[in-house]
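Below are the structure tokens for one structure; questions will follow.
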Amino acid sequence: MSNIRPDDRRPIGAEPVSAPPELPAIQDETRPLLSARFRRIRSVTGQLAARLTAEDQLVQAGPEVSPTKWHLAHTSWFLERFVLERFIPAYRAFDDRFGHLFGAARQPAGNPLPEVMRGLLSRPSAEDVMRWRDHVNAAVTRLIDELPTAQWPAAARRIELGLHHEQKHQELILVDIKKAFWCNPLRPAYQPGTLAPLSAAPGLGWFGHDGGLRDIGHDGGGFALDIEGPRHRVHLEPFRLATRLTTCAEYFEFIEDGGYRTPAHWTPDGWRAVRAGGWTAPAYWFKRGGDWHHFTLTGTRLVDGEEPVTHVSWYEAAAFARWAGKRLPTEAEWEVVADGRRRTGNLLEYGRLHPAVAVAAGEDGPWQLYGDAWEWTASPLTPYPRGRASDLSIGCYEGPPPAGHISLRGGSALTPGDMIRATYRAGLPPATRRHMAGIRLAEDA
Amino acid sequence: MSNIRPDDRRPIGAEPVSAPPELPAIQDETRPLLSARFRRIRSVTGQLAARLTAEDQLVQAGPEVSPTKWHLAHTSWFLERFVLERFIPAYRAFDDRFGHLFGAARQPAGNPLPEVMRGLLSRPSAEDVMRWRDHVNAAVTRLIDELPTAQWPAAARRIELGLHHEQKHQELILVDIKKAFWCNPLRPAYQPGTLAPLSAAPGLGWFGHDGGLRDIGHDGGGFALDIEGPRHRVHLEPFRLATRLTTCAEYFEFIEDGGYRTPAHWTPDGWRAVRAGGWTAPAYWFKRGGDWHHFTLTGTRLVDGEEPVTHVSWYEAAAFARWAGKRLPTEAEWEVVADGRRRTGNLLEYGRLHPAVAVAAGEDGPWQLYGDAWEWTASPLTPYPRGRASDLSIGCYEGPPPAGHISLRGGSALTPGDMIRATYRAGLPPATRRHMAGIRLAEDA
Amino acid sequence: MSNIRPDDRRPIGAEPVSAPPELPAIQDETRPLLSARFRRIRSVTGQLAARLTAEDQLVQAGPEVSPTKWHLAHTSWFLERFVLERFIPAYRAFDDRFGHLFGAARQPAGNPLPEVMRGLLSRPSAEDVMRWRDHVNAAVTRLIDELPTAQWPAAARRIELGLHHEQKHQELILVDIKKAFWCNPLRPAYQPGTLAPLSAAPGLGWFGHDGGLRDIGHDGGGFALDIEGPRHRVHLEPFRLATRLTTCAEYFEFIEDGGYRTPAHWTPDGWRAVRAGGWTAPAYWFKRGGDWHHFTLTGTRLVDGEEPVTHVSWYEAAAFARWAGKRLPTEAEWEVVADGRRRTGNLLEYGRLHPAVAVAAGEDGPWQLYGDAWEWTASPLTPYPRGRASDLSIGCYEGPPPAGHISLRGGSALTPGDMIRATYRAGLPPATRRHMAGIRLAEDA
Amino acid sequence: MSNIRPDDRRPIGAEPVSAPPELPAIQDETRPLLSARFRRIRSVTGQLAARLTAEDQLVQAGPEVSPTKWHLAHTSWFLERFVLERFIPAYRAFDDRFGHLFGAARQPAGNPLPEVMRGLLSRPSAEDVMRWRDHVNAAVTRLIDELPTAQWPAAARRIELGLHHEQKHQELILVDIKKAFWCNPLRPAYQPGTLAPLSAAPGLGWFGHDGGLRDIGHDGGGFALDIEGPRHRVHLEPFRLATRLTTCAEYFEFIEDGGYRTPAHWTPDGWRAVRAGGWTAPAYWFKRGGDWHHFTLTGTRLVDGEEPVTHVSWYEAAAFARWAGKRLPTEAEWEVVADGRRRTGNLLEYGRLHPAVAVAAGEDGPWQLYGDAWEWTASPLTPYPRGRASDLSIGCYEGPPPAGHISLRGGSALTPGDMIRATYRAGLPPATRRHMAGIRLAEDA
């Protein structure tokens, strides 16, 4: 049973919210099923934007984030370039100037608009961008219906990639509008209502694992990104994972104990980040009248100590763990525990758009593996052994991972449920606090 | 007669365009006249914005420029704070959070929003900002009608100041939207139509002046900014002013002769600016297919060599003059020539929004003293002898002038006609190319 | 009689210190006299460096300052390039790689070493640079003796320019080593001994002047820089100059009264400089145990309230004047008062290397016009009417003055006495605190 | 037999150069042996500095490098603080101001001098710093002789750590003076002579390994840094290592093939580094007359295509490998191959101070595992499983490794031979080109 009260649930998308479904593998999906899923996922993006005015959709609150309108347009560009132009020889781009405006920053050819200028694009209008989306939706839908069988498997993979890409940008729309509204002194709320306080979190327990020789990584059944595979063998020492995410109350103690003022907890680069950023608490936290408040997509409120802490950087996660006498799990440790468990949790479809208090459901944990908060691991994101060279030609996010990105696992309250899986590896720079990322502790057994 | 063709004229504001009127001094103006002028000028601002979408009005194309919406709001804030709150004890601000958002960057108290964040203010909406304007307009109009006589002179001065401020921001709306649209690769035009080529410019002549002991500066009759006065005596050597502004064709020669590659033409800081900015031509110019084009408020077109060159920095103006074996005029030289001449020219009301070719009208020049292009002088903007300490309490633009600003004279094609006069001193940093500023040469006689 | 005690006097150079002589005009000087003066001035530079180790001479404490060794070499380069190579056809540079290393940053040709890299030049060694100096000295001395008469006037002007340049760099050696030693936590003293406290400063009086039509600028008799002329007519309103420089005690009051925390005292750019630099007092001041100390070329000591305040920027000088209800003098005001007065004061030759307390000598002031501290004026440094185009071909400091530099007058305790005169105009950016510059107040009469 | 010619060998240190000895474990070493080693290693540092003038020793050619004098002083500080002050209660620091000047940038307490200011420390003089070294050497030598037995093991570990630290800074002295001399347009050579061309490199072969379950990491016998242990099990897929380092000739091909202009070879952050740095070749390379030259510690010369390429960043190493259709080895792969092989190679003691051509000695490779060039691996530097928390109290280099540092293995021609071992892990940021780091390719078997 969930303790999320009905009024906190604001379903997003047409799916019933209670069960982020275990997805069938891509090859099992018939064309009608993919067509339906395509329409649903594309429609969710539109729904996320529909709560915003055209002006809201233009705001770019920093060089590393993008306006909603840009996300809406960029995902159409992706489908146009890597699906429609690829599989429909006669396809004509909706507007051939849009590739320059909304293409990936790292297009192998072309001269993309500098990322910092995305917030200047008052033209095309939000309305024109939605027209483009409709145009692309119709074209892809027809392609699904009409493409000759011989081309279908390749196209289906590309459409799946496009949907994954779409869902990734759904999450980015939400984290980026959160920052945009945070930067506005009026602090508007993205969604109406209030986030009611939930019950208390269960005490912190430890879930043990024997380690040994294990297999991790995607085995090639169903859709996955290149970076998730191939499945391969790793040797693990026995270890324990915390049964739930670190709470705000636990993170308070770190703050109160001078965590942000003690260099010994931090890596040298983390300490530089603390000083350069003037960090004294997670992003979106601020003190008012002696109490910590934070800004959420539902507006400003008191921090609830029982909820998982989020919007911390890897530096903060690692410093907290060191302060606590623990460590972060490696991504292999996380995956061998998550492997085979039900993919369920406080994900985008629940509509809370904020982490929820852990619930000790009818098992002995660990809980919150999926949803609530991305979990920073101890592992830099590197290709797996025998990982095949990623295909740069498909745009914006496949390719060799940047040096120094850290692997995160499990998705957050902003992650679409059918985007996440046990093998899914997100990668972020250690200093970023843009995402709804939190902390699960680990220790040697 | 002007050679500006009818179809290039797009009148802005309710006034007949042909005669930027010689304004009566402020004390002569009765309340109804000021009320009418107030409504007219405020309405022009709204008309300038009405050509833009709400999205356009949000774009901030750099830290030193502001979104249209901000200009619209800021001018209301000025009236609310320095007129309404001052003279109506019971006045309640339309929204007391707006002062923080739209106040001057240099408010003596308060903690104004950093200028770079103006483009993030999707809220309040463009619509709300217009409602604010209406609210303020109604309140000021009533104040004009109803204020007790004892307070009227002080209030009238403040309202005049508010109108001057309003008109200054009208020009800024135009220069800032020009940059915003320039930064958008789609290069939208602010106004429809085309800028038809005009006739050839008259040959460059020289207008002589004997110099000697002369008086310059505002004499206190009618409204003027503190920095324009007091009237005082200066001693001038005999000199000559060019009869018209420097044309694009003349500036071409400088470019072709390696002007941007020859350090000897430039001051040391100017040369640094050339290299840091990668300057090879005025702002908004670019080469395509071997020809110089430029971007105007009416869209992109070939540069017309007969038109005055604009959007040059002082560094470029001074380097051009040095290359030409001439110099820039001092502001005193400019003023003694302009003093007493008719204030007429290609100003905002003509609606061309772009400099026009000089016309050798029925006198021997100099022409184009008013309108077309602000004229960079050789004079840093410093207070005049016995200039009274400016009143910082009235906000954003009075106060000691920054070190190193240069005085410009005469207004441009974007300057409202009744804002400019012979004594008017604009001040800009020598590196800026934001404004429609050009060059008039001078030489010793 | 001076109140500078004998033990504070550390004569520099071979001249008797008591009387910085009224120099004969250049054309009256015979070759032997110029030869003697050349040898004396060049030798002073060497004496200034002789107090430093080779390591000290290499330190560059910021991009805008230079190592002592660089100054020693650069002045030789100047003579080699603009005197020896110009007048001796067969002259071979001592080392033809040195022009690249030690030439002016603004050489019209060539690709000079970036200024920030001057502190990296461990080679050539300090010893080699002194050998170069000796070589150049010998060559110039022989040139003075042997040059054919026809070329003599041109060469003499160039040598004078080289000597002026040499003396300018003597002052720079001292201000730059002061910063270098300040940046070293060991805070070494440039010269031994202590700066004994002097008697109290006379009360602040006001010296009146009637203004009117006056002539200022150099009249062409004797050596002067181009920027000092031509002599020309200005019209001045009646004014008063403070009889002495502003003291540290007076400046304390400004600090105590929140001067550095009150934006209304500052120009907008000045206020930005205060915040960006974290300024709370003049450069080289710091608080220890509740008392203001400062760092001098004789080491660290308590600030003496009776001494003139120095190492303030123009922003601070102007803000102080505004706070005091006064203003800075224009450079014309300064010059008409200084014109014809004896050039005497606490200049480099006194050896104090620090401002001294004003002495109310047997006249009614103003005192301290020369020496102690450069005096910031209200005047940006611009060419005078009919000022001839400066000759860029002679290197590093003649040429169009940068926009925004402010004129300073009178020299400091680090300025060689025969470099300064009533018409001498130094120019510095308003934010710099590198120089021993202070404040003389003025007011309208 | 080595093909390094006798005249290229310039032995550094008192040891015979031919056999970097297999070091006995620390516990086997008696006090006299440690004492002798201490004196020898400390003396080598002095020898490295002795080729430089006091001026050379002061140069800091960038914020990330340090002057020689600073290295000389810092290593004394380390011994004073972590050995002498710890084990001799009555020990008085040589000069108690030096800790501030020469302490680690990351001291947990104290307020260390900003790294960028190290080049400003003309005082203390180079001579004083050598006196400090002598003082510390005498004190440590006496401590080794006289310390009570109970404290000996702890002290011995600290002295070993101090010697490791000393040797690490020996390498830094050389890489930093290389940059210093490179920045000087005179391009002085650190050591005299010429680097004669050697014979051709053997063709590139591949050394196979079966992978499987293997143990890596330090087993605790003898001295090692915390980061090297504990020994633990990893599972490896079969793989092949290149038999020698990548040569300059091979790297030429990458350059010629547009390697630096093709984003697809690079990670996104690597591509940004290429553009930001304007990279077109390894550091110290430049083109003159159509030929690639480079700067070495023996001066400027033509690049020898047979030598290993060095001074490449990880970005370049990884891009080269991707271009070549190969990859970099993981650090585990490198270590299982190196484990048990003789530690011999072109290390600091050979005195070449530059990589040498590979020699196919009497085995089938791989060659050059030790010396010549640090080898970039594919592995970010992270703590090993069950790695104990590092002790921050011992200063400057132990502590949690920064996020994003990459592990390098094997040492370079500048690495002291008894500092390196199979388990040694150096860590550097992926963008740095400061070190003599090169490329060994790997591939899946």
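A, B, C and D label the chains in the order they appear, each numbered from 1.
Methods note: a residue touches a chain if its C-beta (ideal position, glycine included) is under 8 Å from a C-beta of that chain, and two chains touch if they have at least 3 such contacts.
For clarity, every value in this text was computed on a predicted model and none was experimentally measured.
Trainee: State which chains count as neighbours of subunit A and simultaneously of subunit B.
Mentor: Looking at subunit B and subunit A together, no chain touches each of them.
Trainee: If you match contact pairs by residue number, which of B-C, A-D or C-D shares over half of them with A-B?
Mentor: C-D
Trainee: Which whole number of Å gives the spacing of the CA centres of subunit A and subunit D?
Mentor: 39
Trainee: Take the average of all CA coordinates in subunit B, do the same for subunit D, and state the distance between these two points in whole angstrom.
Mentor: 61
Trainee: Nearest whole angstrom, what separates the Cα centre of subunit C from the Cα centre of subunit D?
Mentor: Measuring from centre to centre gives 48 Å for this pair.
Trainee: By the touch rule stated above, which residues of subunit C touch at least two different other chains?
Mentor: In subunit C, no residue touches two or more other chains.
Trainee: Going by the contact rule at the top, pick out the subunit D residues touching subunit C in the complex.
Mentor: So the residues of subunit D in touch with subunit C come to 53-56, 58-61, 97, 100-101, 113, 117, 119-126, 180, 183-186, 188.
Trainee: Name, in rising order, each residue of subunit C that touches subunit B in their complex.
Mentor: 106, 108, 213, 232-237, 263-264, 266-271, 314-315, 318, 322, 378-380, 382-383, 385-386, 389, 392, 399-404, 406, 430, 444
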